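These notes are about the structure you will find just below.
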Amino acid sequence: MINLSIRQLSEMLQEQQISAQELCAVYYDRCVAHNETTHALITQRQELCAAEMLQAEKGIETGQLLAGIPLAHKDLFCTRGIKTTCGSKMLAEFIPPYDATAVARLKHAGMINLAKTNMDEFAMGSSNEHSAFNPVNNPWDLSRVPGGSSGGSAAAVAARMVPVATGSDTGGSIRQPAAFCGITGIKPSYGRVSRYGMVAFASSLDQGGVMAVSADDCGLVLAAMTGHDPLDSTSAPEKPLQWKKPNDTSLKGLKVGVTQVWIDSLQDGGVKKRTLEAIEYFKQQGAEIIDINLPHADLAVSAYYVLAPAECSSNLSRFDGVRFGHQANDAHNLESLYRQSRSEGFGSEVKKRIMIGAWALSAGYYDAYYLKAQKVRRLISEDFKQAFAEVDVIACPVSPELPFKHGEKADGVSMYQADKFTIPASLAGLPCLSMPIGFSEGLPVGLQLIGGYFDEQSILSVADKYQQDHDHHLRIPEAFV
Amino acid sequence: MNALPKNLGDRWEMVIGLEIHVRLDTNSKLFSGMKASYGASPNSQVSFLDAGLPGTLPVINQKALAYAIRFGLAVDAEIPPVTIFARKNYFYPDLPKGYQISQMDDPIVGKGHIEITTEAGEKVIEITRAHLEEDAGKSIHDKYDRYSAIDLNRAGTPLIEVVSEPQMSNAKEAVAYMREIYTRVTHLGICDGNLQEGSFRCDANVSVRPKGEKELGTRAEIKNLNSFRFIEKAINFEAKRQIKLLEAGDKVIQETRLYDADKDQTRSMRSKENANDYRYFPDPDQLPIRITEEMIEAQRQCLPEFPAQKIQRYVDELGLKADDAMIIANDINMSTFFEASGKQSKAQADLNAKFLLGEFSALLNTQGQSIEDSRIDVVSYAGLLDEIESGAISRKVAKQVLDEMWESGKSASEIITSKGLGQISDVSALNELIAQVIADNPSQVADYRSGNTKMFNYFIGQIMKQTKGQANPVQTKQLLEELLNE
Amino acid sequence: MSINRKELEEIATLAQLNIPEDQTEEITASLNQVMGMIEHINDANTDAVEPMANPIGGQQQIRADEVTDQSHKDELLKLATHADEDHYLVPKVIE
């Protein structure tokens, strides 16, 4: 069962070979069985929601493809009546009275929410070690990190605790954990998926996306999440994504951009080898490989660490202990209520970013840092525009390294620098995905595919083609078979 | 009340700039679909967004944009092609998100100006800008000893903040400016003008400097003034306080102060002690808003005539007395009634004005009703005017008919017919008419008085001719006899 | 760019966070490390470059002035640690 694609599961449901209830029970049991070892989930639902089951059964009757398919939501998607912690002590007891638009849409499509997945606190981190709850373990090697911030979603899919999970990506938070856990993850174009009901980290960068076994699974679920939302001013007016699994699977004539300098810079031999192999595959399939130049991309991490903290410092001001969230119990005046509630509720990485952001926006620094970083963002975005004038997709590494051991990276800045391949496309708002392209030292390696603005179809198609000819994405870590 | 005592006024001058907060009269809030009315029970008009819950996002209200543009046009301001919302970051319990969505670099209304009139004459005050922003909630400090209670109903209601240049040099000018802005926003229909409810309130930046000095002195900001009377008192108190400090060799501290109307003094606001670094930056939850020519044109079509223009037109085109024109034009409800009835009735505008300000206002006053919900509507009122204009009834009878109309709800003509008031039986009207006939025919009068009693019927004939037979014959005969035999 | 202890205090005040005495040095160092990294943006020549606030170039959506939401008073006050039946409560503020 757990080897089946969403299309296959859907067929079984439609043909009544299995009921939604039974399918959910299979995954429900796996959630229970494997959370001890992975810590992939923060909240498991004790019982399935009757309304969701009803919606699923109705959907199955009317032939809705996703109806009856279970999933888990990253714990920053607000789920009505279900605890939404955002990986933080601040929201440890927060039960939102509303659904995020993405959650509501998937519910409407008949999908069944089994659990909320673990994450770096407020989506800030690349290792999941910044969760206020237990850090997630990588199913391929429990002593290693699953990546972050959507590490819980990645681990849950890798361990097949759910067939698919939502994630969010601000600077790589879907792609890097997908690569670390050997699954497929897509961050769509900025504006594709409504941000309404997603606890904000950096508003101009955050995008909801999907983490699943295959590109096809990702495409199907992503399509159901997209479309204009009147509740989000930055939701694009475009029609929902129409993911069409291509019949013609040839890559002939496809122009694949490759950032050779990035590949050359890879220190990890295994990552480099797999990356080159994947590119060689494209070439053999008839794709034209074009070396592209993104001259400002090496400034992306620096610009990002001005912009994202600046937005986060403001976005997280609402957590003051007054109306919701953690409140310190021994505050003697208003200021101590604010300071203590926030100091107790937020972890160290979140506090650090809030302070960086407050500083970057403060009088005297705004022009030199915030505005300057926005200009650098424009330059990076222009670099991509020029590249996409020549190529259809860009193929490049996701992470320069393999999943590392818990506690191995104490230095924050080196962790930040490891996001150097994922952050540029985030700044430009482009769709990008990560797919498994093999293993090194028994650990998964991912490849990043970046598409032109609103061209999710191309990157999903290329990944789908790759996955028809390879089975890396179908591998399951031994302990979870 | 005088600006400054003469001894101080000789040496010092005031510089005043105002920031006026105008609450826009929209159905829903600036960024949420929650009702934006005043006076609901605490926290009953709060959406998830208004409470700042995580994941909620702002979506701008079209009408608030439209109203802000309309205001801009009414003060001859530039409306830039793109406007941007920015976040003003600070922590306060009535500010749910920890930032206020406001505007910084690209406000919706640019430089404009208005003209004010005081005893000293006319003066142009420049408006620096006006921007859209969301209001904060309310902190209630007197409910508990140890707590402040927070009501977020007001949080998110739309405001425009109108910022003037520091160009007013005494409290009278400040009041005149505030009144002029008030008149505009209420005539524009964008603000209900309710001062008690805080729909129109003002922060005054006050500084003083030695007469002739070019440089501005250190200013203090007096917060939340919501009455024309208090603003004048507050400014005068504050200026005197600052002069006293400076004359004693002390310094004025730049700070926020509150005016205490009971004590007639200003005091420093402790809660705003720390000069905040608000860290303004463009709201990343929203995109720049393009203001199109069509949006502006649509608002231009909504611009009403302002009192000053109206007074001019009433005098020049309708022949009203200046005093009457001013009273009617300055009251939007009265001028609406006046103009509507003018369209319905054939009566002279001057008669309409006189009757409106006289008999009709008196009746409304007695009945304690305001003109906009008068029991006698524009059509009935116009009907009554026509009866006066045609001479069917005198103004004196009209007063009686008006009272009848109020009581019975019947039209003027119905009352006149049913009560036979259409015949001219009104003693004073007849008296006037007869006196005129007598005055117009001196030789016939002399003839009659010298004994030619047949001439009596000549006069009756004249009166009937002039009243088209409407004069009450019995009364006419009696009155004519009295007057001729005087 | 680097900050000292006093500036750290100012930033912590803006952010409404406490900096425990024994962590002051460590936090200052880690912020300075990030600030050092950020410094690289100055390597770019951004003359005549328009700042980019958001990847979306499109039109801001505008909402009709309609009341589409209803009261959530009970749900909202329930989320607060400290509230009476009508209000959120905070330690007394003196204006």
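Chains: A, B and C, in written order; residue numbering restarts at 1 for each.
Throughout what follows, contacts are C-beta pairs under 8 Å (C-beta built on N, C-alpha and C of every residue); 3 or more make two chains touch, one makes a residue touch a chain.
In this text, all values refer to a predicted model and were calculated from it rather than measured experimentally.
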item	value
Chain centroid nearest the full-protein CA centroid	C
Result of counting contacting C-beta pairs for B-C and A-B, higher pair	B-C
Intercentroid distance (Cα basis), chain C paired with chain A, Å	23
Chain A-chain B separation of Cα centroids, rounded to whole Å	56
Separation of mean Cα positions, chain C and chain B [Å, integer]	41
Interface hub residues of chain C, defined as touching at least two other chains	14, 16, 53-54, 56, 58-61, 63, 72, 76, 79, 82, 88, 90-93
Touching two or more other chains - residue numbers and ranges from chain B	48, 51, 53, 59-60, 89, 91, 93, 148, 150, 277, 279, 284, 286-287
Shared interface positions of chain A, touching two or more other chains	94, 97, 204, 230, 233-234, 313, 317, 320, 322-324, 334, 338, 358, 362
Chain C residues touching chain B - in the complex, by the definition given at the top	13-14, 16, 53-54, 56, 58-69, 71-73, 76-77, 79, 82, 84, 86-95
Contact footprint of chain A on chain C as seen in their complex	3, 8, 10-12, 14-18, 27, 30-31, 33-44, 46, 49-56, 58-61, 63, 72, 75-76, 79-82, 88, 90-93
Footprint of chain C on chain A - complex, ascending	94-95, 97, 189-191, 204, 230, 233-237, 296, 299, 301-303, 305-306, 313, 317, 320-324, 327, 331-340, 342-343, 346, 351-352, 354-356, 358-360, 362, 369, 371-379, 381, 411-413, 416-417, 427-430, 453
For the chain B and chain A complex, residues of the former touching the latter	48, 51-60, 87, 89, 91, 93, 96-99, 148, 150, 277, 279-281, 284-287
Residues of chain A that touch chain B when the two form their complex	78, 84, 86, 91, 94, 96-98, 100, 195-200, 202-204, 230-234, 310-311, 313-314, 316-320, 322-324, 334, 338, 358, 361-363, 366, 370
